[in-house]
Amino acid sequence: MRNDPIELSRLSAEVEAKAPVYTELSDRIWGMPELRFAEHRSVEAQIAQLEAEGFTVTRDVAGIPTAFVAESGDGGPVIGFLGEFDALAGLSQEAGVAEPRAEVPGGSGHGCGHNLLGAGAMLAAVTARDALRTQGLPGTVRYYGCPGEEGGSGKTFMAREGVFDGLDAAVTWHPGPLNGVMSVKSLANFQVYFRFRGKASHAAGSPHLGRSALDAVELMNVGVNYLREHVPQDSRVHYAITDSGGVSPNVVQARAEVLYLIRAPRVEQAKALFDRVVECARGAAIMTGTTMTMEVDKACSETLPNTTLEMALHGNLLNIGAPAYDAADRDFAAAIKGTLSEEDVSSSLASFGAEAALGGAALHDGVLPFDGTSIIQHGSTDVGDVSQIVPTVQAWGGCWAVGTPFHTWQAVAQGKSGQAHKGMVQAAKAMAATALDAFRDPELLARAKAELTERRGGRAYECPIPAEVVAPPLRVVR
Amino acid sequence: MRNDPIELSRLSAEVEAKAPVYTELSDRIWGMPELRFAEHRSVEAQIAQLEAEGFTVTRDVAGIPTAFVAESGDGGPVIGFLGEFDALAGLSQEAGVAEPRAEVPGGSGHGCGHNLLGAGAMLAAVTARDALRTQGLPGTVRYYGCPGEEGGSGKTFMAREGVFDGLDAAVTWHPGPLNGVMSVKSLANFQVYFRFRGKASHAAGSPHLGRSALDAVELMNVGVNYLREHVPQDSRVHYAITDSGGVSPNVVQARAEVLYLIRAPRVEQAKALFDRVVECARGAAIMTGTTMTMEVDKACSETLPNTTLEMALHGNLLNIGAPAYDAADRDFAAAIKGTLSEEDVSSSLASFGAEAALGGAALHDGVLPFDGTSIIQHGSTDVGDVSQIVPTVQAWGGCWAVGTPFHTWQAVAQGKSGQAHKGMVQAAKAMAATALDAFRDPELLARAKAELTERRGGRAYECPIPAEVVAPPLRVVR
Amino acid sequence: MRNDPIELSRLSAEVEAKAPVYTELSDRIWGMPELRFAEHRSVEAQIAQLEAEGFTVTRDVAGIPTAFVAESGDGGPVIGFLGEFDALAGLSQEAGVAEPRAEVPGGSGHGCGHNLLGAGAMLAAVTARDALRTQGLPGTVRYYGCPGEEGGSGKTFMAREGVFDGLDAAVTWHPGPLNGVMSVKSLANFQVYFRFRGKASHAAGSPHLGRSALDAVELMNVGVNYLREHVPQDSRVHYAITDSGGVSPNVVQARAEVLYLIRAPRVEQAKALFDRVVECARGAAIMTGTTMTMEVDKACSETLPNTTLEMALHGNLLNIGAPAYDAADRDFAAAIKGTLSEEDVSSSLASFGAEAALGGAALHDGVLPFDGTSIIQHGSTDVGDVSQIVPTVQAWGGCWAVGTPFHTWQAVAQGKSGQAHKGMVQAAKAMAATALDAFRDPELLARAKAELTERRGGRAYECPIPAEVVAPPLRVVR
Amino acid sequence: MRNDPIELSRLSAEVEAKAPVYTELSDRIWGMPELRFAEHRSVEAQIAQLEAEGFTVTRDVAGIPTAFVAESGDGGPVIGFLGEFDALAGLSQEAGVAEPRAEVPGGSGHGCGHNLLGAGAMLAAVTARDALRTQGLPGTVRYYGCPGEEGGSGKTFMAREGVFDGLDAAVTWHPGPLNGVMSVKSLANFQVYFRFRGKASHAAGSPHLGRSALDAVELMNVGVNYLREHVPQDSRVHYAITDSGGVSPNVVQARAEVLYLIRAPRVEQAKALFDRVVECARGAAIMTGTTMTMEVDKACSETLPNTTLEMALHGNLLNIGAPAYDAADRDFAAAIKGTLSEEDVSSSLASFGAEAALGGAALHDGVLPFDGTSIIQHGSTDVGDVSQIVPTVQAWGGCWAVGTPFHTWQAVAQGKSGQAHKGMVQAAKAMAATALDAFRDPELLARAKAELTERRGGRAYECPIPAEVVAPPLRVVR
């Protein structure tokens, strides 16, 4: 019932045939890095290509200017491919060099490989739609243009508006240093601004008249650091001081702001932990005689793995095999790997559940083993909310040197490399093949849905972002 | 109208005549150091002597078993002499040696010289009463046996019950390293226990179920340390952790307690600061999910100097002169001074407003200059509450080596020395002479009372210890 | 080759026959709770019984007065049974009641069920020895009397002296609320005292002259609470303030002490984390102008599970089945469970990997499933060091109501109950049966040893307790 | 020998005659607020006027582009007038309105009245020079154009280069809400940047690999807040976080910076306190595994009052009397005062030693009493370094409503008001008169110098700014 070798080989050939267009698209987006919810040029480039492929595009989805849905096909199951395209601040970096060198000092860069992510998911979507047509199968393919993954939870806002309703399955991938199934339990999170207001005063002449908002931020942080001892296993809390109240030490700081990111394995745990962080903020305000207000910036749910679809994906990955990296790829990857510490590499491998050092290779020539066991991954992704609504499956595509950490200059530098292109194409093949499995095998989809129902324990999806938080955030993106 | 040289000389002779009895009493009390509100034997010794001198004694004053008032005389103005007799924990020390050597390891000791204080005030009271009799003057002398000065605010409890009402003036002294008028503005204070209750839990297995009361104490303390920047000038806040919640690190501490001592120049400032410390405690409880209760242990008011009486005392001190220390006194004092750092000595001198090094002498052969300017003294004393009710005058008696800090083994070691005895006797002369000035000069008393009225700005005395706090504290003295 | 049903049934009968003697011994030890390294009476009671059973006893093992080894048998493999018998401070509690009620206020109690642990391991050892004799098999049985498990790491001190060398396998168990294999990865740990010395000073009069050791302890703790964010997953750090420097707030605290317990999955991680905690202590001393010294109290290694032996144990447990609790047991267990919160119960179940609520039963009528997967257990045990030296297998015996947390009055209250006795006897059967499996199956032992070798990755055992730390700790047990 | 009434009246008339030019100059500088060390236009305006008055100007004094000295006269004593002209960031405010209303949102403003300060000192200098000429007296007048007083310590840099050497006396003033002698002991200070470098890491995925520089800043701050308890009386420490390491909570902050301002009564105390703050920084770096570097930004010495010159100034002030405020001045001042809290007003009055409420008046119609007692003022000024080198005398000129705090919109709003002009002119009269006293009375200058020598206790002036710190600071002014 699944893709036989001949079919898989035909599908692979189709992906390869269209690959140049999509690697060029990826490179183009790499070259115009845009921050969360401001990905206007990247979105236009994607839409132009999708329309050229005959997809019908709906813009401004969920009220977000850079969110869109492209659809093609006819009846049958509906399978969505999730694409991203936002970049990261401060990560400008030249491509193809193995040393940190900003293209635009202070500029943005694609440190998470979302240029590849979007283009690769599109390539898979187009190929799957073509295969449905060729084979005369019913079925509808959607490509979701999902903005603001980096700190923006674009998909969660989209989920709140029902954009993923009606899907039978969702498929996506992420560039990384390894090939394989991405069966992760990522953490749910809440991102919240806490603002304190006090009273300014001359810090030397009349400090007793001042009420320091900076004191409040610091005491809140101390309180939260004490709280760390008493949080559920695998929780995470981190913060940045987004306003220290001014640079003048001789004025008692009348205002200050801190941005908290609070994560836990399940969204209800994250909410409970958030509530306790709020108590730290309240306590700090009381201690300092200041007032506190807060603003939820965004939130997302934990990812529910779908072993059913993951086993199907894994089969395809094994059949397709690792990308065929060439000598130039290997040389560049080795140079990049040479800039990483042993700890970086082993920590990266451990995060994939790949404890062994892969024989020291600079590129991953295999496919990660997968026995249905999911890994706890301490980051968060708005794919989580999609996975709460529809069976979702994700692949890792080996686009970077082994050990390359996310959000680094090394990731940006490899963003247009041979290994990046090959990893993207290989992932597109596996995604397209898995989608076709689902289109052709109603039983597979049924089991995937049953698994989701069981994992959710009967709870309806509840979006963690409060209704009053507007998407995209009105706050200036910093 | 004031003591002429002949009279002063006669009075001095009378003091000297009775001195051996009172130095022996002082030495005896030195030898049985009793902690605050438990000074039963010391009180019996004092009462026996007072009764032998014909004083009428009222025991159990203000409901405190070791508080008493002894009275003698007939009509006229009523002048009170304030005596103390409590010792300090952990200061057991052999007398007469210039090295730290506990008599009873871990035992108590007279580190504040209250053995001398009580005996010297009695000697002055008895001599003044005798002089009234001899000279046929109307007037009543009272000796107040005031317990629990060290951390107990005995006089404040007594003041709350009206024990000092009806006095025309109060006279007292304190042993120290110098001779002179003690014209100080001491700080008002509040001493309060804060107790937190949380939830125990296995600190490794289920830390998330625990709510740590020790965390609360630590966070309260952090909060208060931040608060230090924002308190009125000359305030003081300090604390001791009186219950750290157990010595086992693998149990989340379910209970903890911290004792705060909060001081400020005026009692209303101290109260306001206390309220802010309470906010730190509240904030810490909220941060940690614990509950907080508090218990006021004691409080006292700031001392109001009385320049009118102080100028009279200063005149007497100048006429009487410094104690006639002998060579043995000087040798021992030099040895003691040799155990002090230069910083100890200069800090001690500065606290008396005696910036200069007194020529390096080991004993103070002069009398501190006094021009009516009071010194801020950052400690507290329950004499403060007496001074709010009645014009109060205090002397320093040079009983210790120059630079000797209070509450040290050095102070205990000198507690029965020649310099201690001579300093006590000289102070008794000055106190008796000043009391006689007041008995004989209605105008002096009138001016002293007018000054008090002005300093109080028309406010009635309000005892800072809440009515529900029982005297003596029920809490076990630790 | 393994116990066939008939043999297992015979072995069970032998255990049952001897059970009354050992449940009585357990009850007796429950009634004389002794703290770590002071278990003199408990040891005498155990030795008397072992000698009565014909074991040869070596006392004062590893220089520890309450450590001993009892041996019986002849040649063949050597299998050790590990017994414990120390109690916990502050947990005095009446037996058989479902409310907190101390027998001796402030007294000790068997809150971890070590009365059962020792007696049960002895019962297994004796039965195994008897079976060897009966069946004419070669083999030597040892019973290790291991003191000071609670915060003392008795076995680690014993391991340092080579006491467990020469064993072919070690077998033990622990009372708990459930039945099953205890296949845990417990944490390695270090327990260390940090002491600070500063300079006393009058906290109001001359705070600038003081250097506060209590400040240093608090700042070290703040530093460590910040460090929590940056430690390896599954690490734990907790502390108790063992000397807060005195209860007097008006003296700057010249001395203070804090006791840290530092844990991590592997002993080398624990050592690295310990080093970072030391940096926090150093930093705090520098910040406060105080000096710091430290003293390692004890340490232990992580437990290495042995799946080979665990699968054998699991087979035996399944064959033996759960204890046959009676109605009285169930009633008492239900009453105890009624005193626990839902969170207590679910947290307890989760710690055993038993997510489901077991149908709400008050006693565990089954055997935990086991597929060879070990659980991370965030506590520590000195069994860890034994498991680094010799293949070690552990059982859980269902002695308490479902959800009963360790180190609670509920555990003590059930220490002589029907469920406790039955759980102990059932565990003894399983331990004896597994030991006999090993005695009879050289291949099983060989595989168990090979597994240990692989898990250790070729490293030799290195005792984490520095050589200069004396066993038992010279420090007064608090 | 001093100004007789006729002479004083003549001098006053001369000041009044030239006043319009200088009030216009002051208004002009008010209208072009420039921050520290960037006062180019203000300097040009001042130099143009001084050259018009025949002064010889030396630019680029001490290597600072906006520092200059203007000189006129011939031989005799040399008396310097100190002028300032820098503004404050963030204090843009419309003139003449009694509500906060920025002229340029976010712009700068003359919140400390330095537009008046410079113009008023020039007016005094010119008048004094004219009087010397008119009266045929020998004597040289200098006007010092002193940049960067606000957080820049311009005069201290100038003092390091010897610019004030050779003066016989220095005269200056400051606008404020009251008229009188400014006899203050201001605090010495050090302003220092502490920078920490750590290691970035994904805060959720691999927090254990990160070393947080922000943690280091926070822990340093906690340490310093604990240190507050143990600093000399009247010290001050305050700080601003000048780089919080980024606004992204999901990255462990690899860099952070905090700016400390450390003050104490004497420069050597400030240096000792600075050293202890450095220990807090070092300790924080050790705690967090980060590295720390520091950069001294600036420093200044405490002000030494000169009672000799102050008594002369006071006599002149009494003779000249308060400014003749008119009804419009009083109305506007009343409106401004209405925007202040009672605490603002009483706190302001207290800082001048004017405890009484001045009868509730909105402008100060008198002259502060002065008996030679100096006030501790907890701010700092680079006039301090001048006062260490040469006898220096300062006046307060009543330019603002009673209670107006420094560095507020209220101060800016009154910067061109009638009261500001009148207060400036009256201060100029008193300064000119006092300078003439000194020119004419060698004995006065001799006594003033002797007083300085005594106050300095024989120490040579040592500039607190390390030699390697460049003036003006290279750092971008923020």
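Here the chain labels run A, B, C and D in written order, and each chain numbers its own residues starting at 1.
Definition applied: a contact is a pair of C-beta atoms (placed from the backbone, for glycine too) under 8 Å apart; a residue touches a chain by one contact, two chains touch by 3 or more.
None of these values were measured; they are calculated from a predicted model.
For the interfaces B-D and C-D, the C-beta contact count is higher for C-D.
Comparing the centres of all chains, each the average of its CA atoms, the largest separation from chain D belongs to C. Work out the mean CA point of chain A and of chain D, and you get 54 Å between them. If each chain is reduced to the centroid of its CA atoms, chain B and chain D end up 43 Å from each other. Centroid to centroid, with C-alpha atoms defining each point, chain C and chain D lie 68 Å apart.
Annotation for chain B: residues touching 2 or more other chains are 203, 207-208, 218, 222, 226, 229, 233, 238, 252, 378. For chain A in complex with chain C, the touching residues are 222, 225-226, 228-229, 233-234, 237-238, 378. Partner chain A is touched in their complex by these residues of chain B: 203, 207-208, 210-212, 215, 218-219, 222-223, 226-227, 229-233, 252, 276, 279-280, 282-289.
Contact residues on chain B toward chain C in their complex (touch as defined above): 89-90, 151, 187, 191, 202-209, 214, 218, 221-222, 236, 238-242, 244-253, 259-261, 263, 343-344, 347, 351, 377-380, 405-407, 478.
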